[in-house]
Structure formats: C-alpha cells, structure tokens
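Alright, structures below, take your time with them.
What follows is a pair of complexes built around chain A, which joins chain B in one and chain C in the other.
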Partner chain A sequence: MRLWALLRGDVRFQYKYGFYFLYMFLALLYIGMLSVFPDGWRERAAILMIFSDPAAMGLYFMGAIVLLEKSERTLDSIAVSPARTHEYTLSKLFSIGVISVIVGLTIGLVGGAVKITIQFLVGLLLCSCLFSAVGLVIVARSVSLNSFIISTVPVQLLINLPAAAWLFGWQPSWLLLHPGVSMMQLCMPNRPVLPSGVILASWTLAAWVIANRTVAGMFKQIGGVKL
Partner chain B sequence: MIRVKQLTFSYTNRPFICSMSFDVREGEIFGFLGPSGAGKSTLQKILTGLLTNYQGSVLVNGVEVKARDRGFYEEIGVDFEFPSLYEKLSARENLRFFASLYKKSRDPNELLASVGLLQDADKRVADFSKGMKSRLNFIKALIHDPKLLFLDEPTTGLDPSNARRVKDIILEQKAKGKTIVLTTHNMYDATELCDRVAFIVDGSLRAVDAPRSLIMAKGASIIRYTFLQDGKEQQREVAIDRTGEDELLQQLLKDNRLLSIHSSEPTLNDIFVEITGRRLA
Partner chain C sequence: MKPLLASFGVFIRQITRDNMLWAVCFAPLLTALIFRFGVPYVDALLCAYFDRAVLLADYYLLFDLWLCLTPSYMACFASAMVLLAERDENMAAYMAVTPVGKTGYMLSRLILPASLAFFFAMLLTHYSSLTDWDLPVLAAVSLVMSLASTAAALLIFSFSRNKVEGMAMAKIASLLFLGLVAPFFLSSKVQYLAGFLPTFWAAKLAHEKSSLYLFPALVISLLWIGRLSTRFRRKLC
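Our next item is the complex of A and B:
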C-alpha cells in the first residue's frame, strides 16, 4: 500500500534528520520544567506545553521537512510517481501525529493532565494533524525557511492566543468554536466531548482539504507553472 | 508510444513551444537536441505530465497527458538533470523508498552493481561525489522497470568510463524493447545512442531524422591534408567527391610529399549549426 510506503519513508526521513532525537530532548526538558511547578499549576502548565509544542510541532516541522524535500528535489521524483497528493499529505500528517502523541502523552502523564486517555489522544492527534495541515499550506507557498517562519507567526497567534486565554479563564461561549479551545476541552475532564470533537475534526478536515489543493499546486510548480 | 500533434505551450503570454508535432515509436531511442533554453526540458515536463496546461494533443503510452491519472506513472521512469535524492539516506534506502511507490520493482543491488555503486550502497548520498549521485539518479529511474524512459542529460558530470556504463545500460534497455526519450546537448551521445533526433531551437522543431541520415544528407565528407612548403607546414582541404579536381593533391601524391591525410565527416553539431544557425553547447 502506497500510503504505508510513504509513511515509512517519512518516518525514516524524520529519524535520519534527527527530528526524533530533538523531540526526545524537548520532552525531557518539558518534564524537567513540570517538576518545578507547584502541584496546583502543574496540570494547566502541562496542557499549555502540550498544546503549544507537541501538538503544534507539525506547524514548525512541516517547514523543515518540505523545504528539505524541495532543496533535495525529491519532490520532483514524487511528482512523477504514482503517489497521489492526498497520500503524500496524509503520510506527512500521520508521521508527525505519531511523534506528537508519544511526546504529548508522556508530558501529559507526568503533569497529571491525562484523565481520560482516549479523549486526550484523539484531541492531541486531531490538533497535531490540524497544525501539520496548516504548516503544509504555508510551506507549499514558501521559498525559504525565513519566509516560512514569518508566515507562521500570525497563524500561531490566531490559534494559540484564544486557546491560552480560555485555559486561564476567559471563556465566552463562542470561543468553543475555536480549534485550540476544542482541543483543550477534549483533553480536560468533565467537558462536553462530542461537540468539541466534531468542531476540532471539522477544522482538521477543512485544513487537510486546503492542504491537498495547495500541495497539488506545489507539484504543478515543479513543472514551472506559477499559480 | 508518443504522439504529439500541434503542441503549443506558453509560460507567459508569448508562445514558448509553437505547433510542434512528432511521433516517438515504441522501442526507439529518440533524442531532443538543442541549446540551453530551447525548450527541451519544457517538452520533457509536458511529456511527463508535470505541465498540463498545453494546447494540442500529447498522447503518451496511449494516454492524453492532460487527462492522466497516477497510474500513468507506473510505466514511466524519469531521470532528471539534477539529482533528486534524499541526501541523508543511503543509496540503497533511496532506491528502496522510491521502489516502494510502484507496483513492480527491480532488485536494487543488481542496479547498483550495474553502475559500480554496490560497494557504496550503504553510504549516505550526502557523501557521494557528483558523478556517483548522477549514476544513482539514473538507476532510480529504472527501479520500477518502466516501459518508457525520459533521460535528461544522463551522462553529464560522468567520467568517460562511467559515461560508457550508462550508455551501455541505455542500449540494453532499448534491446529489451523500452522506449527512451533522451534530452541532451551532447552531440556525441546523441549520434551514438539515438535512432532519431529532433533539433529544437526557440521552441520549434527544425528537423527530425536519424543522425546518420542528417549527416549524410546535409554534409559532404572532407579530406584534409598537410604538406611542407617553403619549410612551413601547410594544410588544405577538399570535398571527397572533388579530389580528382585538386591538382595540388595529385601532385603531392605523385611526389610523395604529403605529411598527413585525413578524411572527416561533418558532426551532428555541424549539421545542427547548418540547419538552425545556432550552436548546441
């Protein structure tokens, strides 16, 4: 199965380029930081750390991954292979999603933020896929790491600020439609699971559809067409 | 295998490829020759489905390229001009990854051995020389045993012995019935490998024929000879069909005064210049 082949390729690529080593180091750093927080703060701090890093890693990593593929011209070979655009994007989302879940779950368990594991995992995975899809949309239009980083700043603000505000008590009901808030609702106990799940899944699906279109355009740009 | 009719393509408002028509027969090596910027790579991108906003008809392996699906690529192998490889993966890992995207694949070890890279199979591509990357890139195009190969400057950057290996593999592929489209500005490769060549200049085809036919039809062979005159070496040349009229040559032969005598045919480059008014390289 081609999706499986692409996924194995992405995991091997991320391992060889040191992404896993970097995240093992960051996970240890976060766990060390959590241990110095007072008990009352630890859970909230863990959720904020998970949301702003393991869950959001796709936003940053997608830039590095795809720009490396562009610079090594391997996208050219993928563009003339039987691999379909949605297989390429799903492989990227799942490969990052696996690391997000492992690192996020580790931090969550240490910080005491994991109450209902399945809910927590679904929220984390969907949120990771959302960030990765947004990262793909941005990187497909970026020509350098600098332009990619600059473009991610407004996205980070749009996703992170309302979610952080919610976590620290500013909770108007309309903010429940925000994807970051939905993820937090899923990760915290005694919250409405289904609406949050549906909202987050809808945002993720929409971002993935847009990512597919943008990546298809990126493959066409290999041919030299400006879109 | 390939049928192109009235192909027109443009990156901007001005046509870049104008009303181009040609066929590539199954099992032949067909070369595109032209200077840089002539439209060779653009044509390859159209034939491989990377550019689909063209006008006219482009049938490749029975499929209109504009309407291709991903299955189209199961039978097409593309060797890009520049290496398209994961630098931190080994040569074997690169081949295995790309092979995994296709339904069928060849043995990576056999391919690596064919271009002298078997002993470097587990070395990272980042540590490869330019020539090694070029050879690996070439065999990557063969990994799924495609029916149709697009090769863009496959011998560029290779030393003569490795260029020979690559050319021998191209000829082996032809012997197996594969169709090969070779894009090059190397007239020697084109003359040696191609059954037919197309001259491309400024996005249009100026001639399509077998290299030998083009050479014989357009150019007369020349005889060059040297001799001593007033203590200095002199050189003269005469068309091979006019040697009987060259009195100086007759006299030199009679007096045994020739220092050297060579015949030379025009090269494909000479014919290219004659037809198009441009140089290949």
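Our next item is the complex of A and C:
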C-alpha cells in the first residue's frame, strides 16, 4: 500500500515536470529519424536509440529528481515517514521503468524497426531499473547536479560502449556477462533469452541492493545530522 | 566591473568544487584527441572493410564543427546547471538585488564563460582540425557556436522552474545543434528548413567558406538570445 502511494506520487511528479510530454516528443523525433535510415541499419539504430535514451533516462534524471527532493525537504518527510528505503527505491525504479517501456514500445511499434517480444519488454524494464538504481547510488553521494553529471560519465561509458560495440559486431563471448550486452541480446531476434535474462536480472538486483544501502545511508544523514 | 568579476569568481569556485571545471577543460581536449587520431584510423579501417576509397572523409568538416562546438557547449551547460542550482537555493534572486544586478548576473554566468570558450574553441580547432580552416572563417564559426551555446543555456534556464525541468529542457536544447548536420545530409532546398537554427548557418559558413552566411548566423543567434534574455530577466524576479 505504501509502495503504491509512493509510486502514484512519483508518477504524478514525473507527469507534472513534463517527463511524459518530453518523451512523447523525443519518441516522435526518433521515429522520424528512423524513417530516413536505410533498411539494413534501422533495427540496430532503433535498439541503440532505445538503449541510450529511454532505457537510460533514470541515470540522466535521477540526480535532478533526488536533489530537488532534497532542496524542497521532501526527503526529510519521507525519512521520518513509515515508508521503507526499499519502497522508496522501488517506486523510483518502477515509475521511470514505466516511461522507458512505453517509449521503447512506441519507437519499436511505430518505427517498425524492432520485433516487439516479451523478452524485449522485460529486458527494457530491467535495463531501465539498472540505470535508475545506479543513478540512485551516485546521487546519494553527490552534493550538486554538476558533480552528479560528472560522476555518471564513466558509468555511462562502461555500460554503453561495450553494448554498442557488441551491436556493431565486436562479440567476444566473455562480453555476454555485460549487462548492456544482455539487453542487446534480449532485444535482437533468435538469441538465447534465458542466460541473458538471468545475467541482466542479476546485475539489476545487485545494483538495487547497493542503491538501498546507499539511500538508507543518505536518509540517516538528512538535515546535516548523522542519525 | 569589480562586482562582476567577484560574481564570476563565485561561479568558477562552484564549478571547481564539483569538478565540472575539469570536465569543461578536458572533455574538449579528449574530443580533439579522439577526432584527430581516432577518426582517420576508423576511416581507414572502414574503407578497407567496405573496399571503398572514401567513406568518412566527406564528413571531416562535420567532425571539426562538432569539435568547435564542444568547448562552448560544455561551458554553457555547466553555467546552466549552476544557474538552476542557484535558483533552487534562491541565490539567483539575491544576486539580482546586489550591485551585480540582473545584467551582471547574466554576464558573469553566461557571457564570460561563453567568451572564454570562444577562444578555447578557436585554439582547439586550429590545432587539431581534420580539414584546413581559414582564420576568419574559424573565428566566425567559433563566435556563432558560442552564441548558439549561450542560447541553449538561456533556453534551459528560462523554460524550467527547477533542476528536473532543467534537465528535461537540456535534452530539448541540444536539438539546437541539429542544424550542424543539415548541410551535409539534406538536399539543397530542404536543408533551409533548419534555417531557424544558428548552428545551421555556422555549418553553411564552414561548408561554403562564404562570409555571406555570417550575417544570417548572427541575426538568428541574436534573435534567439534577445528573446530568451527577456524571459531570463523575468525569471530572475
């Protein structure tokens, strides 16, 4: 019940600050861009677009979301409320995950470049949750938006570059353990689903556990006093 | 002048404290290194793989334009993030009623960083470009890039009420730079649809090497800045 209330609050927050409008606009832009790509490139381009933007939006926006909650003292209220840390983090992960899935689905369906399957949707949701959890870990230790953005750059490179390299043909077998590559595997047709799903889910779970610990630490330090 | 420099000093201290200053300085240098040495290497590999004589070489100028944009955009993005943080902490309104004033605040947070980035962009492009540039053309393109980046920072600040909306606007503002690719990928008539973007004229200027394009580039840039400055000043109240 508490999780549901937090989730509703987060979705309302994201709607109020234009996330839905922004991604509706970006989805249209991506679909337009996809239409000018040659047929042979369209699927890869669509997967790369979905992976680097809607799936990664948690990492991009989490800093601003949590730092705004800090400056508006929303976190102070949440810290002393009955809400648990894991409910707070799950709410953030799922609310952003919903937008990622809707936008990914729209680009895939309307753009007609990606075959929409259950594994594609599950992979997209897991990947979005992974990015959001990493964003939570970073923002809990950041003092400003600039320091958050700087700290996300190495993470983005670590997750995005091997995945992009995989998509364009550099495919050593050990790279299958990489979360971004697992996401690519789930998005592409005729690839082994189960191992990739398990690997991506494990990374996401690990990131969520670390995010819980870091956010719990952040809650204890709110207000300038270490509780 | 003294309050202006003091305010600029505060800005530099802020971006030094959160390491953004190093990113603003080193990201363009890293981009220059990657473009200067990485792009020709990848081009050679691709040409060999696809058995073609020319592949990326036609777009070397586009890489140079991108490089020329990087210092200004990095500086103005850092400025926009500082502006957003200062507004959330109500610092912006306080600064506006000090001797710095609204104009001084805008100068110290946007115009001074963009001016420094202009010289940085010129030096960087001059020493690490993939194509040959005339100095007047390089100066003109760097100037338009600085103005376009200032417009992007103004757009981020003027159309957002807090950090979250600011980050959303940053995504929209980055579309201002799509004008760079139009002269390279769109046919002669259709490309002018991107004429409302300052970066389109910067790309035309570099592509055609004609000073005629400087006039629309400056007019469009100043129109964007003028319109957004009005909104910026209103936001500071």
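The definition used in the following text is that the second predicted complex is superposed on the first by the 217 of 227 C-alpha atoms of A that agree within 3 Å, B and C clash if a C-alpha of one lies under 4 Å from a C-alpha of the other, contacts with A are read in each partner's own complex, and residues count from 1 in each chain.
By definition in this document, a residue touches a chain if its C-beta (ideal position, glycine included) is under 8 Å from a C-beta of that chain, and two chains touch if they have at least 3 such contacts.
Remember, it's a predicted structure, so these values are computed and weren't measured experimentally.
Q: Between chain B (first) and chain C (second), which, if any, makes contact with A:Arg84: first, second, both or neither?
A: In the superposition, A:Arg84 contacts chain B only.
Q: If we overlay the two complexes on their shared chain A, which of chain B and chain C does A:Leu194 touch? Say first, second, both or neither.
A: Neither: A:Leu194 stays clear of chain B and chain C.
Q: Tell me the contact category for A:Asp76 with respect to chain B and chain C: first, second, both or neither.
A: first
Q: Should A:Ile222 be classified as contacting the first partner (chain B), the second (chain C), both, or neither?
A: A:Ile222 contacts chain B only, not chain C.
Q: Where does A:Ile118 make contact in the superposed view: on chain B (first), on chain C (second), on both, or on neither?
A: neither
Q: Looking at A:Arg2 after the superposition, I want to know if it touches chain B, chain C, both of them or none. Which is it: first, second, both, neither?
A: first
Q: Touching A:Phe19 in the superposition: chain B (first), chain C (second), both, neither?
A: Only chain C is touched by A:Phe19; chain B is not.
Q: Once the two structures are fitted together, what part of chain A is touched by chain B and by chain C alike?
A: On chain A, the overlap between the chain B and chain C contacts is residues 17.
Q: Quick check: in the complex, which residue numbers of chain C touch chain A?
A: 14-15, 17-20, 23, 78, 81-82, 84-85, 88-89, 162-168, 171-172, 175
Q: Would you tell me which residues of chain A are touching chain C in their complex?
A: Going through chain A, the ones touching chain C are 17-19, 22, 25-26, 29, 60-61, 63-65, 67-68, 71, 143-147, 149-150, 153.
Q: Sort out for me which residues of chain B touch chain A in the complex.
A: 11, 42, 45, 48-53, 70-71, 73-74, 76, 78, 80, 82-89, 93, 97-98, 100-103, 140
Q: Of all residues in chain A, which touch chain B in the complex?
A: 2, 5-6, 8-9, 12-13, 16-17, 72-74, 76-84, 219-220, 222-226
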